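Presented sequentially are two complexes of chain A, the first with chain B as partner and the second with chain C.
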Partner chain A sequence: MTGLNEVGFLALSGALVAVGLFGVLTRRNFVLLLIAIEIAMNAAILNFVYFAAFSPSPPAGLAGQSAAVVLVGFAATEVAVGLAIVLALNRAKGTINVAEATELRS
Partner chain B sequence: MELSALFGWAFLVPLTYVLAFVVVGLAGPRLARLEWGGWVAVAAAGVAMVLGVLIGVGEAASPGATTNRQMLWLHLPPAGPFPGGLSLVMGTLVDPLSALMLIVVSVVGFLVMLYSIGYMHQDRGLARYYAELSLFLAAMTALVLANNLLEFFLFWEIVGLCSYFLIGFYYERPSAASAAKEAFLVTRVGDVMFLAGIFVYFQLYALSGPAGGWAANGFVFVHNGSPFVPIGTGNGTLRTVAGLLILGGAAGKSAQFPLHVWLPDAMEGPTTVSALIHAATMVAAGVYLLAVTSVFLGFTGWDDLLIVALGGITTFFAATMAVVHPDIKRVIAYSTISQLGYMVLAVGAGFTMVGLYHLFTHAFFKALLFLAAGSVIHAVGTQDLFRMGGLRRKMPWTATAFAIGGLALAGIPPFAGFWSKDDILGSVYGTLGAHPAYWPFFLLALAAVFLTAYYIFRAWFLAFSGAQPRDPAAEHAHEGPWTMRVPLVVLSGFAVVAGLLAFVPGLPNLLEHGAGIPPVYRPADLALSAVSVGLAGAGIALAWRLWGNGRVYTLDAASAAQPLRRLLLNRYYMKAGYDWVGARGVATLARLADFVDVYVIDGTVHGFERAFGGLSDRARRLQTGLVSDYASYVVAGLIAVFALLLLVAPFVLGRIGGG
Partner chain C sequence: MSLEEVAFLLLAVVAVLTALAALLVRELVHTIMWVAVFFVDLAMIYFLLDAPFLGVLQLGVYAGAVTVLLLFGIMVTRKRIFSREAATGIGPAPVALAVLTFVFLVAAVGELPQGPTSPASYAPAALSATLFGSFGPWVLLLGIIMLTGVAGAIYLVREGRE
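Here is the complex of A and B:
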């Protein structure tokens, strides 16, 4: 892995987080919102992979790679829950626009 | 049985009245047959009168006997300068002073109660009336029998309360309601001074005197059967202050200048109340307080002069105000103030028992005058003297009774007032050599003799003389029922002989008290007596000249005397002045306080309220319910945390040198 710089990888992660946050803050469509969250989460998973690869000792590197695999599974379950909420919202309101779902305020 | 065996049971007298108060107060509204409880109150007053008179006679038969009976009310644990703790006791003290007062209160109380049956017959709220009157008599007899200053003060307040209730008996009438308030507030000025006086005496005598000091003794007036005279601490200024404060209390209760304004207005109450409370008993409590204080605690020189001055001034000024008044009850009310002034004068000059002698005779003839006036008012329905006239033929009993009362008041021998009033004048005259400063007040008191005779006979001639009533309403006037006539007859008897009683063997014992108290002065100075009787005769003659045979003397509108008349009718504008102080001065103060309250205190509170209200209103708007808004708050928070960690924390840590 020589010749490659950590900074470039971290910049990629940062960019992904920024894209995800932008999506979360600007999208009103619940599905797009979920996609944006997934993008941001992938940045975190990528970070595990980088640091495992750059780790000098094999046990720590293995730990990082296994964490990445587990997190991918977590991301999948999270999307499943998110989509369930989307369906429930659609059934209750006939729309998946999050700006319509403000009941928690009152 | 020896009558002295009763002395220890004196507490039964107030208890009898309390019983009547409870029974009438609770059951009275259902006792229509018994005049709404009136007869119950009369019976109780009768029992109490028998007991009171027996105690009085017993005391007269055993000269100087002092019977103290007390129980512990409250014991405060030892503290500070009182290693033995402080005791407060309740008790009865039967001695010549209290026995004399007990006779007055119980006898006049019974007669007024009986008279009320006839006089109040048509009134509503009779149960309330009799209950309150019984409570008053209970408190008054308890006050008279009190064996210590705190107990005295307690019952002093209760009689004031009853006076307030009874002045305001016709509370639907605004003038009665305001008169009741006035009486309560003005006497309250005196009461506060009295209480302060007790505090000063406490400070002075708490540790001195026998048995560990006056306070440790429970403020009781006697010790081992003789007057408990605390050892003076030598602090003359404090003693003077205490005496002045006590004098203030007495002036409030006894309507002395300048706290006299409430008594004429107290005539808004039923006439019976005026006779009992505002002539014979409660207003005399102030004089009794002065007497008790002078016997047991003693006044200093300055106090004496001030008391004499107060008495002299009050005697004269109250008499002048009575001269022009058209209201029969108020004429007698001013006369009461004036006569109380004589008593205060006597006490101040050192003749305590002479003052009480006048209190004794005055109680009877003044109650008589009030009840006779009440009889007239009952028959005619007005208190205005100028609407009466010619009542002598229609109401011979009342006319005679009023005349006897008037003669006694004017001081014509051998009626009661002559003996006691001349005693006062003679006694004070005897001190003029030693105290030249008493001269002006003696002369004022002497001049008041003339005025007294004039105003009371002006009232008599206006009401009773002449052929026909001036007002058709008085055409059908007639005497009241027997319940009203009997008290008149009995009191007339007293008004004739009460003064002579001082010459009956025994009674003088009631007028002598302990060592060092000057005994009764008998009118030895014939010349002085001649002068005072001459003045009284001249007053009566002038009254006859102006008002006799139903004549009505009207003052020219342009007469030079008109401004004087207006001044007197307006009571020297003193009430107006007090009202002004009350309405303007106090109201301005109240408005100022109101301003501070509304704008400063409430302003601060409301300011905080508005500020936080606005703030939370803003904060509320953050709560939109939009997911993306919450997400942006989270992001903003994150950025803030990072900013703190990366930018601020290193800077701060570098400054404080941490690491």
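Here is the complex of A and C:
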């Protein structure tokens, strides 16, 4: 018994999701919103890695780790598109405060 | 307490604290520094879970690429790099909602299937065989989404779009 138990990992993931949600609700800067979403997304990836490491069968474990790899790619793409939106917003409004971006057209 | 347990507890505390610090500090560049520490800390947790490929991927993609990309996003949208954010009042509602989410997520953990008690280690060769074998369609979908994302990003930031 190594002592790495599931409750600790799930509590960590839950705490990270809660921190991400807190960031999305409180901050108004677009880059900080992206960071908050990344923190919550990392919690999901951590869950995949954890359940892969402690899965009963090797194929399930490998599938879990594969899902984590694909998710990392999705999250990186999301940041790239998010930063393109940041640049477009900065050019259109002169600010990246999401509270001031109230209409879609510039 | 075993050594792994102590290491995990330390890494978990550092992860939550750095995530909170990243969202609470006023200087945006300090935010990036905290979030870089957070990503490296999660990579350490992956190494602890005997998933070295995921750990290296986390270091390369998150601690490397995403951090630099976020820093770049701040540098091109600020007149002064170290300018401070305006203070935002934190009301009780977001804190309560976050705490409620945490309590709900932990309380929702039901009976988990019994697995091995120590983390299983998978060779990167076996992982790549699964990734490009049975996970092939997902990798293809990831490629298509990345291509679409790049095309959309170029469309968003291209010159003379009015």
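The rule we apply is simple: the second predicted complex is superposed on the first by the 101 of 106 C-alpha atoms of A that agree within 3 Å, B and C clash if a C-alpha of one lies under 4 Å from a C-alpha of the other, contacts with A are read in each partner's own complex, and residues count from 1 in each chain.
By our rule, contacts are C-beta pairs under 8 Å (C-beta built on N, C-alpha and C of every residue); 3 or more make two chains touch, one makes a residue touch a chain.
For clarity, every value in this text was computed on a predicted model and none was experimentally measured.
Chemist: Label the relationship between chain B and chain C on chain A in the superposed model as either fit or clash.
Modeler: Once both complexes are aligned on chain A, chain B and chain C fit side by side.
Chemist: After lining up the shared chain so the two structures overlap, which partner does A:49 touch, if you call chain B first and chain C second: first, second, both or neither?
Modeler: A:49 sits against chain C, while chain B stays out of touch.
Chemist: So, A:26: does it touch chain B (first), chain C (second), both, or neither?
Modeler: In the superposition, A:26 contacts both chain B and chain C.
Chemist: State whether A:68 touches chain B only (first), chain C only (second), both chains, or neither.
Modeler: In the superposed model, A:68 contacts chain C only, not chain B.
Chemist: Going by the contact rule stated at the top, is it chain B or chain C that touches a larger number of residues on chain A?
Modeler: Greater contact footprint in residues on chain A: C.
Chemist: Regarding the shared-chain residue A:103, is it in contact with chain B (first), chain C (second), both, or neither?
Modeler: First partner only.
Chemist: Which value, in Å, gives the least CA distance between chain B and chain C in the superposed three-chain arrangement?
Modeler: Once the two complexes are overlaid, chain B and chain C approach no closer than 7 Å between C-alpha atoms.
Chemist: Take the contacts of chain A with chain B and those with chain C, and give the residues found in both.
Modeler: The answer is residues 21, 25-28, 106 of chain A.
Chemist: Using the touch rule from the top, collect the residues of chain B that touch chain A in their complex.
Modeler: Residues 623-628, 631-632, 635 of chain B touch chain A in their complex.
Chemist: In their shared complex, at which residues does chain A touch chain C?
Modeler: Touching chain C from chain A are residues 1-4, 6-8, 10-23, 25-29, 31-32, 34-36, 38-39, 42, 46, 49-50, 52-56, 58-59, 61-63, 65-70, 72-81, 83-88, 90-91, 96, 106.
Chemist: With touch defined as at the start, can you tell me which chain C residues reach chain A in the complex?
Modeler: 1-2, 4-5, 8-9, 12, 15-16, 19-20, 22-23, 28, 31, 35, 38-39, 42, 45-46, 48-51, 53-54, 57-58, 61-62, 65-66, 69-70, 72-74, 76-77, 85, 88, 90, 93-95, 97-99, 101-102, 105-106, 109, 112-120, 122, 126-127, 129-131, 134-135, 138-139, 142, 145-146, 149-150, 152-154, 156-157, 162
Chemist: Which residues, counting only chain A, touch chain B once they are in their complex?
Modeler: For this pair, the touching residues of chain A are 21, 24-28, 33, 98-99, 101-106.
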